[in-house]
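Each of the two complexes below includes chain A, the first together with chain B, the second together with chain C.
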Partner chain A sequence: MNQVDASSFHEIGRSVRRKEDFRLLTGKGHFADDYNMPGQAWTVMVRSPHAHARIVRIDAAKARAMPGVLAVFSGADCAADGLRPFNHNAVPSTKYDMKLTGPGGGSVFVGRHMLLPADKARYFGEAVAMVVAESREQAEDAADAVAVDYEPLRFLERTEDAVVPGAPAVWDEAPNNVLVDAFFGDHAATERAFAAADHVIGHEFHVGRIMPLPLEPRAGLAHYDAASGNYTLYFSTGGPGIVRQRRQFAAALAIDQEKLRLVALDTGGNFGTKNRPYVEHALALWAARKLGRPIKYRATRHESMLTEYQGRDLATKVELAMRKDGRFLAMRAENVMNVGAHCVSLSPLAKGAGLITGSYDIPAATLRARGIFTNTVPNNVMRSSGRPEVTFAIERLIDMAAAEFGFDRIALRRQNLIRPEQFPYTNAVGSTYDSATFEANMDLGMKIADWGGYEKRRQEAAARGRLRGLGFANYIESSTGSPRERAEITVTPTGRVEVVLGTQPSGQSHETSFAQVAADLLCVPIDNVEIILGDTEVVKEGGGSHSGRSMRHAATVLSLAAPELIEQGKALAADILGVAPADVDFAAGRFVSTRANRTFDFLELAKEAQARGGVLKVVKDNEMHTPVFPNGCAVCEVEVDPATGRVHLTRYAAVDDVGRCINPMTVDGQTHGSIAHGVGEALFEQICLDPASGRPLTESFEEYGMPSSTTLPPLTTEIVEVLSPTNPLGIKSGSEGATAGAPAAIISGLVDALKDFGIRDIAMPATPLAVWQAIENAKAGSQANNKARHGSWKWRA
Partner chain B sequence: MDDFNYHEPRTLAEAAVVLHAARNGVYIAGGMSLIPALKHRRVRPSDLIDLRLIDGLAGIRREADTLVIGAMTKHADVAGLDIVRNSIPDLARLVGEMADPSVRNRATLGGSIAHADPASDYPPALLALEAIIVTDTRRIAAAEFFTGPFTTGLRKGEIITAVNFPIPDNAAYVKFANVASRYAIVGVFVARRAGKVCVAVTGAKPCVFRFGEMERALENSFTPDAIKAIVMSAQGLTADIHGTPEYRAHLIGVMAQRAVASAAAKPRPA
Partner chain C sequence: MARVSIKVNGKDEACEIKPRTLLVEFLRDHLGLTGTHVGCDTTQCGCCIVLIDGKAVNSCTMLAVQANGADVTTIEGLADGGKLHPMQAAFREHHALQCGFCTPGFIMSALELVAKKKNPTEADIRYGLLGNMCRCTGYENIIKAVKAGAEAMARVG
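Up next is the complex of A and B:
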């Protein structure tokens, strides 16, 4: 794709202060809970107290008679009204996605996400009925009074239990609970390479399930106008954005999508969990029509922890074949994703599938990828979905191979990296990486981490009785996402450049970074550019914000739209000046002609356009399927208190190749958040169900550990800009990458600190208890610590 | 949250009258534990009786070798005021590390100990310092006050007015915090006064408790080594996702040794 000439950029590449901050910091944001209407009623859900139970009977008579109660609805009412299950587009289907299939190569049965199930509750907290009342408190009281008879069934938490013969079926349509079973790579070549290998190392890992926990739980206000038949939902969302979610909500409600308006202006965090629609929003729209009242819903924090789509939860068994000189020959992987009670997204499994060989030149590989139902919250994409899991496997495996066979772990990586001249590089499972300088990333990462000064720091820590460890990980991730994006640019006579785009930010600074791009492409002041998002009244097309797509897609479509707008400007200027359009140039932001004295910039020209009854406006669509591959590395230093098992992160350095960086400040900020996300996964976050009842034991921040400013080390980060040849500005992505490398780098450092105990691996999260137990087991000579706590997952054919 | 009647009595006597008249009345001090419990409907009182307007319940003063802290004194004051820092520095530090600044500026000593969370930090301080809990009707030794998880020796309607802390010769608190809530998985308060040593443990059992075997060993030799070999039995210790009984037993030893080392290094300020 043609590259844009960067020589005239003023705004791109600059740390422009965020245009959205004044609004947000002065309380003028429009978040989901900011909307209220006269006459609104509230809805509260009745939630299953069982992880798996048949719904025998729902008796709402008592609840209906309570003060303020307007209605109680169940799954039977939804069915009677013809409401349909959500279509989550769970199976990735763009041109470059890894093709996941059902068992035997057939289609994938994803379950049915009914708005309220009439047959069974399939996870603890699943909504089985809704109550609407005048106040939220009255609705809560009534929800407590709805009597539901359940027939509890045996529940499944872990995939290894779900595939055992005789296990209960989450869905009758998938009696063995398997929904995906797909094979990738060259089996024969891989087997040959393994047979000829000098060394083979293998291990099982489990990258645990974590909660996304945006600061803003889901909420919304639904309105129905009986006169026009129009529905409106004010809420917050993310991911595919309002254009696709409008189709999804309309389909579930069996209404024409033209009758539905979605408004989602500011979103208080997402991390992927808002990338799929929620039943409460659809039910509120439905109830708004049935009851003729605006309906408000707001999840409590407790509800958000019980029922927001979760992430990760991949078990992987990996093996690496090597020559005795350290050259990697082949890899085998078996990845199992716990999709939860029904499948809302297989993107994590598919994304990871394409990247199992990481940043390394591994000539042959095979992968078996499976997805399995359990009685847990549906598992969705979460920041860098799928990539931290496979990065963890390959990077930890390389550390293990180095320790096992006597290689230096850094030299072993250098020896096997894909070299710059090998790009574009197609890996052994078929992904084609566009560009990267992996070894230069490593050099830079080790430099900013002061790798050379580590030994002195280790000795100083040892003198204090602390065990220091040094961890390293490379990562590569893929950025794809919805292929379509539209830009509508209007230059108004009042001097504003209005840019409508179909992305859906949740803190990624689109209003600033997109304005930087538009300002440079049109040579207008950035203060005059206004980015408009989040309302289907104005946003008619666009792919939302997920998979690191937004900056790249927005900049690409803007770079295609801008020349058309400039051509319009030339034609108009020529008309005003009485010269031929060919005699007008657009130079340094002004329309000029050698044949006339007057010149115009865009803003001046827009006034002229108005005077002539016209408007400077362009609508441009773009479709772009080619993925890009952000990449980088992380160095993490840890200190362990061997007496307690507490792990302190003492230093952290990250290098991220984001392609062209539009705003370094906002990329740095997102990198910091990305690292924090990885820290939580590695050290604190875990979801535990009570084995007897299936009730989550981690349903509040008293039990669920989150990273915070006090648990993060100082972060040293560097941005690398290897321009991608796939798009006009050379953009990759800068929002998710650091999450991919973080868990591997942290556990690498922790295992390094504990290596004198003979510890090779430690399961995540490496809580103080887990680290202390590993040390105690090692001291006792037990081999138990060599197995991940979740590592007992056994491959079953 | 349910509806309730809200009262703001001006005197202790008035507060008690309102409480006894209520169907299910509850006193509220800072509310930092009670309000979340109300929101989650774990507590559903008919009447909430706010003690904040009653005179004389807040404030800190020193009476000879005793620090007297009013029941409505905020954590932020206990943590920040020199009168505490200069007499029992580790009490100030302990309180300064509880929760976060916004909570410390509302939460109170009386509310905290009346709540009697088995993992909270004040109870081991009271127990190890042999504090006296003063109420509107009597004085209660700390050892008789904490009777179980979220349970105290307070009678219905009784109001804590102050806590008397005898000033120790040496004292230190070392806590191993849960990574989620920052409450103690195990916290150990060690205090020595006139040759007597008290070791109080929080977070490890359903109720704060003293570890007599360590106390006797430390009275012989106030050094970490003196208790190195003393191992707490895991029997009866709390089990949850953050710690097994064995882990807690081990941590009691580690925290106690660290507390002794810290206390020994910090003799009573002149």
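Up next is the complex of A and C:
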């Protein structure tokens, strides 16, 4: 793709302070719970107290008679009104996605996400009825009074239990609970390479179930106007953005999408969990029509933690074949994703599938990828979905191979990295990486981490009785996402450049960084640029914000729109000056002609346009499928207190190749947050179910390990800009990559700290108890440490 | 119903409210001051922190009637028209907010911290902010901002 001339950029690449901040710093944001309307009623859900149970009968008579109660609705009412299950587009389907299939190569049965199920509750906390009342307290009290008869069924938490003969079926349509079973790579070549290998190392890992946990619980206000038949939902969201969610909500409600307006202005964090529609929002819209009242919903934190879409939960078995000089020859992997009670996204499985060989030149590989239903909360994309899982597997495996066969772990990586001259590089499962300088990333990472000074720090820690460890991981991830984006640029006579786009930020600074791009492409002052997002009244097309797509798609469509707007400007200027359009140039932000003295910038020209009854405006659509591959590495140092098992992260450095960086300040900020998610996963975060009842035990911040200001270390980050040849500005993505590398780097450091005990693996999260237990096991001579936690999977069925 | 009279951001607010009304509900629902946020129900996230007579308090864990007669400052009460308070300005300058949901609570905690100790160290700040959660920033820039905000406040006295 043609690269844009960057020589005149002065906003792109600068740490411009954010346009968003004034409103957010003064309490003037518009978050989901900030909307209220006169006459609003409240809805509260009745939730299943069983992880798996048949719904026998719902008796709402008592609840209906309680003060303030306006209605109680169940799944039967939804069915009677013709409400439909959500279509989540769960199977990734863009051109470059790995193609997942059902067992035997057939289509994938994803379950049915009914707004309220009429047959069964399939996970603890699933909504089975809704109550609407004048106040939230009245609705809460009435929800407690709805009597639901359940017939509890055996429930499934772990995928390995879901596939054994005789296991209960979450869905009758998938009697063995398998929805995906797909194979990738060259089986024969891989087997040959394994047969000829000098060394083979293999291991099983389980990257556990965690929560995205944005701090803003989901909420919304639904309104129905009987006169026009129009619905409006004020809420906060992310991911696919309001254009797709509008289609999804309209389809579930069986209404024309033109009748539905979605407004989502400020979103208090997302990280994937708001990437799929929620039943409560659809139900509020439905009830608003049925009852003729605005309906408000606000989840408690407790409810959010019970029912918000979760992430990760991939079991993987990996094997690596090597020559005795350390050259990697082939890889085999079997990945199993626990999709939960119904499938909202297979993106983690597919994304990971394309990246199993990581940053390394491995000539042959095969992968079997499976998706399994269980009675757990639906599993969705979560920041860097799928990539931390496979990065963990390959990076940990390389550390293990180094330890087992006597290689230096850094040298072994260097020897096998894909070299810059090999790009574009197609890996053994068919993903084509665009560009990277992996070894230079490593050098930079080790430099900013002061790798050379580590030994001194280790000795100093040892003198204090602490075990210090040094961890390292490379990563590569893929950014794809919704292929369509639209930019609508209007230069107003009041001197504003209004840019409408269909992305859906939740803290990623689009109003600032997109304005930087527009300002440079049109040579207008950044202060005059206003980015408009988040309201389907104005946003008619666009793919939202997920999979690191936003800046790449926005900048690409802007760079296609800008020349058209400049042509319009030239034509208008020519008209005013009475010269031919070919005689007008656009130079240094001004429309000039050698045949006239007068010149204009865009803002002056917009006034002229108005005076002539015209407008400077362009609408440009773009479709772009080619993925990009952000990449980088992480170095971390940990200290373990062997008496308590407490792990202290002491240093952390990350290098991220994001392609062209528009705003280093915000990209660094994204990297910091991205690291924090990886730290949480590695050390603290874990969803626990009571094995007897299936009830989640992690229902509040008291039980769930959120990283805090004292558990995160100071972070050192560097941005690398290897321009991607796939789009005009050379953009890759920043914000998800550091999450991909962090868990592997941290566990690498931890295992390094514990290596004298013979420990070569430790399961995540490495809580003080887990670490202390591992040390005690090692002292007692047990090998339990080095067996994967979910080691009972029968691989290769 | 109970009658409360609370000074909020310098303005006397007198209202009839249900006795069970939490202070945060009073601020958000009765006064429309939606800058104070609710992120949890177990007094842990700190999104709801306001200053009551200069002390940082979780407004989700206090009844409005308990604040009767008190002087409450919320995030809306800090800027001087278009001019940000030095701590707000430091958050902007150091990119200490992304989604901004946690930010009002952090700023209120930071103000109490600085009131207690003029020039806090990095460790003081990290411990001082343990009652505030942020899921976006990894805390890195928040720590820097609070340090810079403290210095700026010391400069202006």
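Going forward, the second predicted complex is superposed on the first by the 792 of 797 C-alpha atoms of A that agree within 3 Å, B and C clash if a C-alpha of one lies under 4 Å from a C-alpha of the other, contacts with A are read in each partner's own complex, and residues count from 1 in each chain.
One rule holds for everything that comes next: a residue touches a chain if its C-beta (ideal position, glycine included) is under 8 Å from a C-beta of that chain, and two chains touch if they have at least 3 such contacts.
Bear in mind the structure is a predicted one, so any value in this text is a computation, not a measurement.
Peer 1: Where does A:His302 make contact in the superposed view: on chain B (first), on chain C (second), on both, or on neither?
Peer 2: After superposition on chain A, A:His302 lies in contact with both partners, chain B and chain C.
Peer 1: More residues of chain A are touched by which chain, chain B or chain C?
Peer 2: Between chain B and chain C, the winner on chain A residue contacts is C.
Peer 1: Looking at A:Phe684, would you say it contacts chain B, chain C, both, or neither? Reply first, second, both or neither.
Peer 2: first
Peer 1: Contact-wise, after the overlay, does A:Thr644 reach chain B, chain C, both or neither (first, second, both, neither)?
Peer 2: After superposition on chain A, A:Thr644 lies in contact with chain B alone.
Peer 1: Which of the two partners, first being chain B and second being chain C, lies in contact with A:Phe183: first, second, both, or neither?
Peer 2: Neither partner.
Peer 1: Thinking of the overlay built on chain A, is A:Arg17 touched by chain B (first), by chain C (second), by both, or by neither?
Peer 2: Only chain C; A:Arg17 stays clear of chain B.
Peer 1: Touch check for A:Thr767: first (chain B), second (chain C), both, or neither?
Peer 2: Touch partner of A:Thr767: chain B, not chain C.
Peer 1: So, does A:Glu702 touch the first partner chain B, the second partner chain C, both, or neither?
Peer 2: both
Peer 1: Give one of first, second, both or neither to describe whether A:Pro217 is in contact with chain B, with chain C, with both, or with none.
Peer 2: In the superposition, A:Pro217 touches chain C alone.
Peer 1: Taking the two structures together, which residues of chain A meet both chain B and chain C?
Peer 2: 137, 302, 701-702, 706
Peer 1: Which stretch or stretches of chain B touch chain A in the complex?
Peer 2: For chain B paired with chain A, touching residues are 1-3, 40, 176, 178-181, 183, 185, 240-244, 247, 250-251, 254.
Peer 1: Which stretch or stretches of chain A touch chain C in the complex?
Peer 2: Per the stated touch rule, the residues are 15, 17-18, 20-22, 24-29, 31, 33-34, 36, 137, 213-217, 266-269, 271, 300-302, 506-509, 665-666, 668-670, 672-676, 700-702, 706-710, 712, 714-715.
Peer 1: What does chain C use to touch chain A in their complex?
Peer 2: Per the touch definition, chain C meets chain A at residues 20, 28-29, 33-42, 44-45, 47, 74-76, 78-79, 84, 88, 91-93, 95, 97-104, 107, 122, 125-127, 129-130, 132-143.
Peer 1: Which residues of chain A touch chain B once you look at their complex with the stated criterion?
Peer 2: Per the stated touch rule, the residues are 137, 302, 643-644, 646, 683-684, 686, 688, 697-698, 701-706, 711, 767-769, 772-773.
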